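Next, two complexes with chain A in common: one pairs it with chain B, the other with chain C.
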Partner chain A sequence: MTFAALPANAKVFNAETFTLENGLQVIVVPNHRAPVVTHMAWYKVGAVDEPQGLSGMAHYLEHLLFKGTKTLAPGEFSRIVKRLGGNDNAFTGQDYTAYFQSIAKQHLPEMMRMEADRMVNLQVPPEHFKSEKKVVLEERRQRTENDPKGLFGEQMRSALFANHAYGTPVIGWMHEIKEYEWDDIQKFYNSWYAPNNAIVIISGDVTADEVRPMAEASYGQIEPKELPKRLNSKVPPAIGKTLMTLSHETIHQPVWQNIRLAPSYGQNRQDSLALQVLEEIMSGSATTRLYQNLVVDQKRAISVGLSYSGSARYTGVITLYGSPAQGVTLEELAADVQAQIKAVIKDGVTQDEIKDAVQRLQDSADYARDSLSGPAMTIGFNMLTGSTLDDIENWPDDIAGVTAEDVKRVAALYLDDDNPWRRVSVTGHLLPISEKEEMKADNKEAKNEGVE
Partner chain B sequence: MRIILTFFALVILFSPACAREENKDKVLDIKKVVSEKGIEAWLVEDHSLPVIALQFTFKGAGTINESAEKQGLVRLLSNTMDEGAGDLTAQQFQKALGDHSISLSFSAGRDDFSGSLKTLTRHKDKAFELTKLAVNNPRFDEEPLERMLQANMARIRTSMGDPDWIAARLFNDIIYEGHPYALNSGGTLSSLPKITADDLRHFHRKFLTRDRLVVGVTGDITADALKILLDDVFGSLKLGETSAAFEDIQPQNAGQIFVYEKDIPQSIISVTLPAMKINDPDYDVLRVMNYILGGGGFGSRLMEEAREKRGLTYGIYSGTAHQNHVDIMKVSTSTKNQSAKEMIDIIKAEMTKITSDPVSENELADAKSYLIGSLLLSMTSTDKVASILASLQADDRPIDYLDEFENKINAVTIDDIQRVAKRVLTSKNMTTIIVGKPEGLSGVIQKDSLPNVE
Partner chain C sequence: MTFAALPANAKVFNAETFTLENGLQVIVVPNHRAPVVTHMAWYKVGAVDEPQGLSGMAHYLEHLLFKGTKTLAPGEFSRIVKRLGGNDNAFTGQDYTAYFQSIAKQHLPEMMRMEADRMVNLQVPPEHFKSEKKVVLEERRQRTENDPKGLFGEQMRSALFANHAYGTPVIGWMHEIKEYEWDDIQKFYNSWYAPNNAIVIISGDVTADEVRPMAEASYGQIEPKELPKRLNSKVPPAIGKTLMTLSHETIHQPVWQNIRLAPSYGQNRQDSLALQVLEEIMSGSATTRLYQNLVVDQKRAISVGLSYSGSARYTGVITLYGSPAQGVTLEELAADVQAQIKAVIKDGVTQDEIKDAVQRLQDSADYARDSLSGPAMTIGFNMLTGSTLDDIENWPDDIAGVTAEDVKRVAALYLDDDNPWRRVSVTGHLLPISEKEEMKADNKEAKNEGVE
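Moving on to the complex of A and B:
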């Protein structure tokens, strides 16, 4: 889980929740600072649920939800929101698709009515289906294809998540986006967009008592559906090291990256909590281990970090990364980072480190409420990636339960290069062209140590 | 200041929030607080959460004051002020911030230099004490200075492959040609290493002065408590000496199209025009006109034509930017290289259309209701409110400016829109800058090298 909030034993958000007869769960986070609300509809379907060969479809469908229903013209949804002084948008991930509006609270019933409408009444004119396809291709060019580093990142994930849909980018592969037709999309929409596959979250100047009749009048009118079975292919073991290298004229700063599998919160709650504390101890601030030791004290790196992403319906990921200081190779930097991890595996962490890390994480929960949409985002994101509402509310207390022994154990289990968990990690090297040529020169004339 | 370099894109789309309590007639209940030593701050009290945000700005202390030789100086100052101050070394200072979950950061704008503080109420005293040290007694020790230098050099090298960053370098150089704004406020690979601790000390002493200071505060703090803290943090600042005056300029190279060729599938396009100052009587009309043309995202004319009807782009936006010495309107977009000419033609056609045909009643009414209705959504977190309070003062706005906003927007007429469109949207004033391999354009000026990078 990723956020931060409160005195011990307090709930993070004090959210209220109820479930409609058709299975739709509604969560309300009261926040009465201003007469505004954020209304979000989260669907438990994302890129991971796409049939093979139709990558990017969940995201493309998200675009199409702005393109009209039986009663709204293309683009009208957003025009109405704007006219009422609100903002709206949507986003798609591997595990979820979410739509939201932030707006004055008196317009909430209208927002719920419109969101419920496009849950089941999508109707996109064919010419808009075609033009929106071009928009998504431009989006992919802008986000990914304009920078070779974007393509490289996709390739790394593909290698790590062999045989799993997480290895396919959310936006989809260029050649597949071009292929699919309206029928494919419609089938996907009809299968997954249903009240019993959604959570509606409202944060702002309302209470659950106020929201309930609005929800019943809108979402409550929709019949539940029988949902398709979810496929969960498993990532097989890998015993060989994967090293990917990209030398490109646009790269001027060498970068080292390493990604590996880790348990998600839903797969292993205890270990996930310990990994969150380990992440904070290694990489939480400018005075924690990796930065302090490798950037400040040893001058081996210009930047370095560890990031654990345990919010996932299936498996999580740990990313290690860094830019080396002048004269340090990427291999040497990798060894330096691994040495930092080995130190935790061998000697553990101190009580002070645990205490400080837990305090910073708990404080972050205090800040989490200082936002209108933030609580709805945090709750939705975590509930669709393996947490329950109680998990989220009690997170500060749960984090405080992590011990130094837990941290040491998960470091050894998930971060030891000599004893990898499930499969060997995937390493990426980004190198300037010149360095690659210099490395070749190094290899050819191994004794020529004058070559830098 | 820890600069993190990584190529994993982090997409954060959201804005936090906060706002009105007792006084329902006002958008924000802003109090003017003056301390014993005469430090003034605008305060919005909000005790609903144990959080306090402080934003302070030194007007005219921005990167505009840098020489070409030492461009990046003010950025480096912003990176090092929180790296050791008073008796605390860089690591001791950063540890004190981290252990108390205090966010303190400084930023170098073109015109102004700013600081932002966010803290939990229970760490208020520590937070203001550290801010006081950073503002008054930064150390500029050799180790953190060198470390921040290296981080900035790496940032530049990392950015050199980013087409948007490349476009920004060209933009400054071409639009602000001949003016200090043309320099790279992030520094260059050759200028940054020339900057010494004495340069930072000198700039700090000369520009971070009391006469330039404006302060905005929001959150869980009373006026009386704030007064004491204001004196403590800012009360020892000296009054400044006069500094160099700068000339106003218009965007340069009107009528030209510049292309920096890069082997990518899209062309990244910007079109820039001269606009009016924020105290111009037409400023509010400009806001409404901009919203209708391209400021509003979905539903704006440019988005409808380029994205919704033709599928040419993921996004197209217009916006205005107002510095002390230049005011511009800019349209930004990207499209596949084959469509670059079509895109520029659409932008021109929409400029002509809004200039020659009156906007509809509905369009104007929708624009007004959005601009008025969404005002509250921009104030939904303590740091956002503090930042608005500081900007209002930096712009010399009256304390009731936000309360007048609705009336001003409502006063805008269809004729006003057309008049201001004629004033701003003249295609002969367009300066067009493209990164990519655009097709179908003639009479372009090729740029072969990137200014202010090496």
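Moving on to the complex of A and C:
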């Protein structure tokens, strides 16, 4: 087993890290090819931490962080970044909220000062709170409400993640976004935005020794907070199969989807690594099992795949999906895919498949390293979803340690439909339909109001 | 339209009511046929008010109220009731927790004193907290875990009530019952058990004038509390059909179930009354529509029915169900039932059907009045689930006001599968299966652990 570009046991990023007295962890990934940096602040708070009934609040708050502090006017943050020749943005997930700027290295102290400022000094004029609410509602309208497939995807996820915040969309339910007030948001902000609930990551033309005094002068001035207890509601087991069906005029090609729970990396490191290799063997390229067998050889499908999402603070998910070839039903495609899985469970995979899969996965680590923002993104994302910095650095070696026996074992444990793990999977059928027959569930009323 | 046993505009119970200074409402339903009383304390707190992740707590707390106060030893409460010749018990629902004793009238002051005592003085020895946990876990094991149909019913309800506490079973999820400690329970108790969050109802051989001084001497001594804000998370709309399937060796007869949301009485009084009449017309007796047409005449089913649950603090539910005759599939039975509904939507119902349905419903009010505990049960249940005392007293007249047009309208609004209301319904198929084919989802591991 060789490793593409690095000597054995080399670290992926060779990141340096230190922690300020207030609990803020700083990670620096030096990259001296150009005098630029990407500066990211990752908060360990996301949609999953929202109070019940107030979904979308983490994402909405992310928008508001651009709408003013005690010393900056609404929009001024991004205008300054732009004036200094940089660009900035932010994003929110179930498990995190992240802010970043890419900019010339001499402006890093200013970026850190400004990011530290909005960690504690948020002050949004009421008219901006209101106008931004419209922006977020429109964002949901565009992305989800007007997309039956999007609404259906939310519904499937909601059924799989019963009793769990992962069943709630990150952007929030329409009727809940409408409801919260500035007081609710401020309480959430005051509770979770704190140096001891954040990781700052800088990749680019700097070293930890350079960054430390800047971090101390900015973030270091902020007091730590006592953080709220995190909710920990688990998904109960499920005994029956679930099939959801959407027939809609906007669907032109039948699609089969199947989602099921699986352990995340943080929950079961060894099984998660094996599932990553299994995913790659089943679905990593046009010559791997599912596509080669069902699309190319047997011509049963026009597309097919397996995707494992193991980066999560709580549980992970495996998604199977495909579109059948003409004359093949969705039920038949599902059986074909399960037969491919049964083959792995029964006969295992070859050493060559393992070798190729590990190689492709290790290559992906190279790609992540080979950009300015890539390291900050990769490290932040993984640290906020169950990995330690060491896990990330050693991942290529750990992946190389996965055996054919591991892959066979996790296929049997997590993908056998005859012996489901904890919770029987949820299947979705998306079907074309004539306008006349279309169900009217997506009327305006249904879209915009929840039921108490 | 006549009214069976009462003159027009008569009240059902002729209840008397007063409210103590601390906010406790007392309701008295005099019934002097025997020198006995039923004394009930209804708390406006149930499973729906539980903190996320701590399901079953309201029910568990109900058990603990028999396990001692500052002055009573564990079990002593019920021993005293028994020694005085009475009997006592308690029950918990989504929206309420209720305690009652039936006993000779001279012991009412003692019952009120003891009930008031455990409203604020609960003190459970740690060993009883632990042993009662085992009792509750065993209760869940017996009633649900060992009953695949029970687990499946929970799963269906959980899918319909996405994002809503009504999707969580009253007894709690197994893995969550195991987790809470005495501190969690005590916090819940201290928050919700208060005179201003309770209604005390006494039916039997007393008058309000007799009860008032007793209530003041017992409950009246307790300080009111500031109650927590109630969660109000709504069910989001759903765009796709959901079909859940359980094939299990314990199922001997195929069963079709279909559940959907509908307004509760508190949410929409007029529609709820019309749905009660519709339920009665479709499914009230062996000669009403569903049974007469599908079982007796067409012989398509061996059982079939429609049930509307409109007594709820939040949303209501309509359940359709049936078992097909030999040779009829579950899909065909579903279509037959929908055809019966379409007939109501298209052609309405007859005056005779309305008259018979109203008569049967009004008779049920008589039955409720005609027992010692019936009035306390009926009044408590309905007041805790969206009705006022006046609503309950006037219900027979209100039901008589429902028109054929109302019934047709609510059938179209809430029961038309081609134009679902807010959230597309959830269907369940329960199917027999040979032991060999049985899915193994109900293995021990799946039953006892949730997934984070």
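In this section, the second predicted complex is superposed on the first by the 426 of 452 C-alpha atoms of A that agree within 3 Å, B and C clash if a C-alpha of one lies under 4 Å from a C-alpha of the other, contacts with A are read in each partner's own complex, and residues count from 1 in each chain.
The rule we apply is simple: contacts are C-beta pairs under 8 Å (C-beta built on N, C-alpha and C of every residue); 3 or more make two chains touch, one makes a residue touch a chain.
As the structure is a computational prediction, the values presented were derived from the model and not from experiment.
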Chain A residues touched by each partner, larger count belonging to chain B or chain C: B
First (chain B), second (chain C), both or neither touched by A:Pro148: both
Partner chain(s) touched by A:Ser158 [first = chain B, second = chain C, both, neither]: second
Touched partner set for A:Thr287, first chain B, second chain C, both or neither: first
First (chain B), second (chain C), both or neither touched by A:Ile302: first
Chain B versus chain C as contact partner of A:Ser373, first or second or both or neither: first
Touching partner for A:Phe18 - first (chain B), second (chain C), both, neither: neither
Common interface positions of chain A, toward chain B and toward chain C: 148, 152
In the complex with chain A, residue positions of chain C that touch it: 52-53, 55, 148, 151-152, 154-156, 158-159, 162-164, 167-168, 173-176, 231-246, 248, 261, 267, 314-315, 418-424, 428, 439-442, 445-447, 449-452
Contact footprint of chain B on chain A as seen in their complex: 4, 32-36, 66, 74-75, 78-79, 82-89, 91, 102-104, 128, 130-139, 141-143, 145-150, 152-153, 248, 250-253, 255, 257, 284-288, 291-292, 295-296, 302-303, 305, 307, 319, 321, 323, 325, 356, 359-360, 363-364, 366-367, 369-374, 377, 430
Touching residues on chain B, where the partner in the complex is chain A: 1-9, 13-21, 46, 48-51, 90-91, 94-95, 97-99, 101, 118, 120, 143, 147, 150-151, 153-154, 157-158, 160-163, 264-266, 268, 296, 298-299, 304, 307-315, 334-336, 366, 369-370, 372-374, 376-377, 379-383
